[in-house]
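Handing you this structure, nothing more for now.
Chain naming follows the written order as A, B, C and D, and within any one chain the residues start at number 1.
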Amino acid sequence: MGNSLSAILLFTCKDRQGLVYSISNFIFKHNGNIIDLDEHVDTEGKIFSIRIVWDMKNFSIPRQELKNSLIPLVKEFDADWKLFFSDEKIRTAVFVSKYEHCLQELLWRMRLEEFPVEIPLIISNHEELKPLADYYKIPFYYFPISKENKSEQEKKQLLLLEENKIDTVVLARYMQILSKEFVDRFRNKIINIHHSFLPAFAGGNPYKQAYERGVKIIGATAHYVTEIIDDGPIIEQDIIRISHRDSLNDLIRKGRDLERFVLARALRYHSEHRVLVRSNKTIIFE
Amino acid sequence: MGNSLSAILLFTCKDRQGLVYSISNFIFKHNGNIIDLDEHVDTEGKIFSIRIVWDMKNFSIPRQELKNSLIPLVKEFDADWKLFFSDEKIRTAVFVSKYEHCLQELLWRMRLEEFPVEIPLIISNHEELKPLADYYKIPFYYFPISKENKSEQEKKQLLLLEENKIDTVVLARYMQILSKEFVDRFRNKIINIHHSFLPAFAGGNPYKQAYERGVKIIGATAHYVTEIIDDGPIIEQDIIRISHRDSLNDLIRKGRDLERFVLARALRYHSEHRVLVRSNKTIIFE
Amino acid sequence: MGNSLSAILLFTCKDRQGLVYSISNFIFKHNGNIIDLDEHVDTEGKIFSIRIVWDMKNFSIPRQELKNSLIPLVKEFDADWKLFFSDEKIRTAVFVSKYEHCLQELLWRMRLEEFPVEIPLIISNHEELKPLADYYKIPFYYFPISKENKSEQEKKQLLLLEENKIDTVVLARYMQILSKEFVDRFRNKIINIHHSFLPAFAGGNPYKQAYERGVKIIGATAHYVTEIIDDGPIIEQDIIRISHRDSLNDLIRKGRDLERFVLARALRYHSEHRVLVRSNKTIIFE
Amino acid sequence: MGNSLSAILLFTCKDRQGLVYSISNFIFKHNGNIIDLDEHVDTEGKIFSIRIVWDMKNFSIPRQELKNSLIPLVKEFDADWKLFFSDEKIRTAVFVSKYEHCLQELLWRMRLEEFPVEIPLIISNHEELKPLADYYKIPFYYFPISKENKSEQEKKQLLLLEENKIDTVVLARYMQILSKEFVDRFRNKIINIHHSFLPAFAGGNPYKQAYERGVKIIGATAHYVTEIIDDGPIIEQDIIRISHRDSLNDLIRKGRDLERFVLARALRYHSEHRVLVRSNKTIIFE
C-alpha cells in the first residue's frame, strides 16, 4: 500500500473504445502515477468495469476538487462511479447477538490494521458481548428486541447510525431480520454472513440442514443484504470438508472458522473498495 | 493393498456391548490377522458400523464357506452386512452420452489399476465415444433413445447388463433419466455425477444457474441414484473457486476437472467397499 | 463426545494376530462399551497402532485401578501405551514473544472448550501480551532474556512449569531456542508453529525466503520440538495460495491466519490424545 | 475468448508516469478496443508490467506491420516486450519417458482446445507411449539414451525441434537432464513438472523423501528449466493432503493427479501468454 496518499476510482459503464485511454489520459495529464489497475470487460453484457489507483503526491488537482473534475469524464461515458482516498477509513457498525467469533475476528483484524475500517459502535440485541467491546474500548449499545418494539428499536438504531456517520453495517451473526426501510438506507452497504454455501441451505439452521442432507462439504457466504433473505449479491464464499464422523456440533465448530474468515475477507474487499455490484452479482478486484 | 488374499467385511447394526469383541474373536479364533479396521458409532442413532479387513493366508475357514460361517454372528446382532474378497473386481457398466472426460478418466484409472473395477461394456445413446472405447478395447453398445423407444431400449439395456453380470452402473454424464424399475434393480449401485455442489443447483444446466447466481465457488457431486432426481445419498463432493472473470464456458471447463475427479473418487470408494448407506446418507471408510 | 466418563487408550506394538481381539476382550469382559476405535497397521514396518475409547459407566474396574489392570496386556505384546480419561484437561503453558495472533486463537478456543486444555500460565520474554492474558485472567510471567541470563532464566521457567504441574508446552511464535535439557524434559510434549511448509524454508525469515523464491503457495507447520531446529515430527500443516501481487507484508498477513489455525488443530489433536509418534513421524487418529 | 482476432501485448519496464496512458493511447488512436488489461507495479523494484489484449477488427495497423509500429513505444520506455495474436498456436514438443499421465492430460486438453497449443511431435527415450501418440495421430520419435550417445542424441533432437519450428518444450515426466546448450536454446520456454512442492524435496525420489519426512501435504511444481536442477522460475504449484494411512504408493497415486493438473495449468498460462519472467520469479496474469 505504501504511505503516500492515493486516489481509488471505481468506474463502470457500457463498453466502448477509448475508455482506458480517456481515464489514463485524465490521470496522466494531471501528473498522476498509476499504482494499480484492474479492468474487466463483460463480453456478454458489454459492460466495462475498472478499479484504478494513482498516487496523489504530484497530482495537479487538489483532493477536494477531484470529484468535480471527474464529472465531464463520467458524463461522457454515462458511468456509475465512486471515488475514495487511501487514508479514509470506512465507518462501520457491527451488529451482533450472542456469538462472539465473528465480532472478535473483525475487531482483532481492525486493530492490526488489516483493513481500513473503524468501528465507532457495536449494536446488539443481547448483552453477552459487552465485555469484548469493552476490551477493545468500543461503545456497545444494547437494544433488546421483541415483536412489539422491533420497529421502534430499529428507528433508534438508524438514528444512532446517522449520528455516528456510519457508512457500512456488518451483521456478524445478528439474529434479527432488518426491515425494508433499513435495507434501503444502506443499499449494498450491509454485509451479512450466512453459515452455508448459498444458495444451498438458505434460511434457518443451515448446519442442521447440511447434516441431515449428508453433504461432504459445508460452506459460508458473505453477501450484501437485500429485501429477499439470503439472496443478495455474493461477495465471498469458502468451504471446509466434513465426514460422517462429524456430529452436528462438529459442523458448528468447523463452521465458526469459516464464518469469521469469509466475513473478514468480505469486509476487506468492501473497505478497500474492491467490490462492484452489477445486477445481483459482484466483481471483486483482487 | 499387498498381494495375498484378504476378506473385507462391512457390518452395521444397532450398537451394543461386545460387538468389536465378537467380530475380532471370530477372526482370531480362525487364525485371521486383521489388516485394517475402521469403526464408527453414530451416538445419536445408536448405530454401529464397521469395515474390517483380514488376511486369508492362514485362515481356517475356506473362502467358499466363509459367508455361511458368518451367519450366526449376523443373526446374533441382526446386522446388515456384506462380504467381499480382495481379488474380486466390480463388474461395472459405464453409461455415457457425448462428453468424454468422465469416461476417459475412469478407463485410464482402471488400466492403471487404481481401483478394482472391470468394465465389460459401455452403453451410450450416441456414437461419439466409440473410438475411445475401441482404444481401450471395450465393447460399445449404441442405444439411440427417443420418447417412443425409451422404455423398450431400457429393457434391452437391462438384459445386456444381466448377461454381462454387471454389478454397478456408472452414469458418466449420461443425459437420460432412468426409470424406477431400473433404479430398483440397482439399488445403491448406480453412481451419478452431478455437475453442481448439491443440493445447490439441482436439475438442468447447473453451471448456468451458478453463473447467474454469481457464486464464487462451483462444485460437483457423486451420489447414488434414487427415484428422486439429484437427491440420493452423496458419496463425494469437491469444489473449485471461480471469479467474475470466468465466463460460462470457463465454468464448464473448470467443472470438467471436478466432475471426473469426484466421480473417480466415488467409484474408488464404492469398488473398494468403503461405502455404507444408512437412510439417505453415506459412511465413507477412508 | 457426550457427558459420561470414558477411557482413552493409545497402544502400539509389533503387529501380531489377536491384538484387536485381546484388547476388545479386555474391555468387553469388564463390561465396557467401545465408543470409538481407530486402528492402523503399518504394513512396511509391521507396526500395530490403535486408539480406542470406551464408556466407563458400567465398567467393572474402577478408574484408579485401570492402569494396573492393563499391565498384563501391555506386557504380553510389549507395547508402548498411554491411558487417559475424558474429563482430564491437559495443563498447558504457552510461550510467546510479541505476536498475539496464535495466543489469542488458543485462548479463545480454550474458552469455547473446543479442546480439553487448561492454560495455568503464559510465559513471555516481552511484556506486550500481558493485557491479553489479563483479559482471559491467566497469570503472565515475564522473563526478559539476554545471552547472559538465558540459561538461568530457563531454569526458573522449568521450575515454574514444575510447580504448575505443566504437561505440555506450546511455543506460539516464541522467538527463543530452547536448550537440550528443556527439550528432553518435555519429549514430544512441546509443540512449535513454524511459519513455512516444512521442510521448505526451515530456519529464520521463512516468509522472506518464500517471497524471494517466488513460490505460488505458502504454508505453516506445527511439529514437536526436538534438538534439531524445525526437524521434529510434523503434527499438522496447511497452505494458502499467493500470487505476484502479494508483497512480503501480504505473505505475513496471510500466514498469520495459517499459523493460528494449524497450531490450534495440532493442539486439539494432541490434547485429545489423537497423536502417536513413531520414529520421526506422527500417526493422527482423526 | 470470442472469435475475432485480437492482439496480445506483454510489456515490462522500469515504472514511470504515463505508461498506461501511452500504451492505451497507441491502441485508441489506431481504433483498437481493449478487451482485457492486467497491470502490475512491483513497488519494491519499481517495475511496471502489463498484459493488454485488444480487438484487431477495426484496428488501423495491419497485423504484419504491428510489430514495427510498436518500436517507438518500446524504445521510449526501454521495455522488454512480446506481441502475439489470438489465432496463433504454440508449437510444442512434449518429451516423455514411461509415465503416461501427464502426456495424456495434455493431449486430451489440446484436443478439447482448452489452450492454444499444437503438438507436432512427441519425443521419448522409451517406446512405451507410442500407442498413445498414435491414438492422437502425433508423430512419435524414439531416442534411446545412454551415457555414450546422450550428447549426440540431444543434437538430433534439437535438429528435429528446429525442423518442426518448435517454440516450447514440455518435459512431461521426462527422466533425462538436458544440457546447458539445450536449455540456452529454449530460455524460459522449457516447462518441467517436478513432483514435489519446491523448494522442498528437490532432486530424485521426492515422494520417498516426503514419505520419510512424514509431511501431511504433498505437492507438485511446474517451472521453467534453468541450468540448476529444480531451481527455475515457478509457474504453478498445487498440493494434496495425505495421512499416515497413505503408503508410498498412495503418494505416487495422489501425486499423479497433482502433476498432470499443475502441468496443464502451467502450459495454459504459458500458451495464452500470461507469464512474464522477472529475475527468477514469474508474474501470472490470470
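Assume a contact is a pair of C-beta atoms (placed from the backbone, for glycine too) under 8 Å apart; a residue touches a chain by one contact, two chains touch by 3 or more.
Every value quoted in this text rests on a predicted model; they were computed, and no experiment measured them.
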| item | value |
| --- | --- |
| Shortest contact path, chain B to chain D, counted in steps | 1 |
| Interface with more contacting C-beta pairs, comparing A-D to C-D | C-D |
| Chain of greatest Cα-centre distance to chain B | A |
| Intercentroid distance (Cα basis), chain D paired with chain A, Å | 37 |
| Euclidean distance of C-alpha centroids - chain C vs chain D, Å | 42 |
| Two or more partner chains touched - positions in chain B | 43, 245, 286 |
| In the complex with chain B, residue positions of chain A that touch it | 40, 42-44, 197-201, 213-217, 219, 233-239, 243-245, 247, 280-284, 286 |
| Chain C-facing residues of chain A, complex | 101, 104, 108, 114, 135, 245, 253, 257, 261, 286 |
| Touch list for chain C against partner chain B, complex | 2, 15-21, 24-25, 27-28, 31-39, 41, 43 |
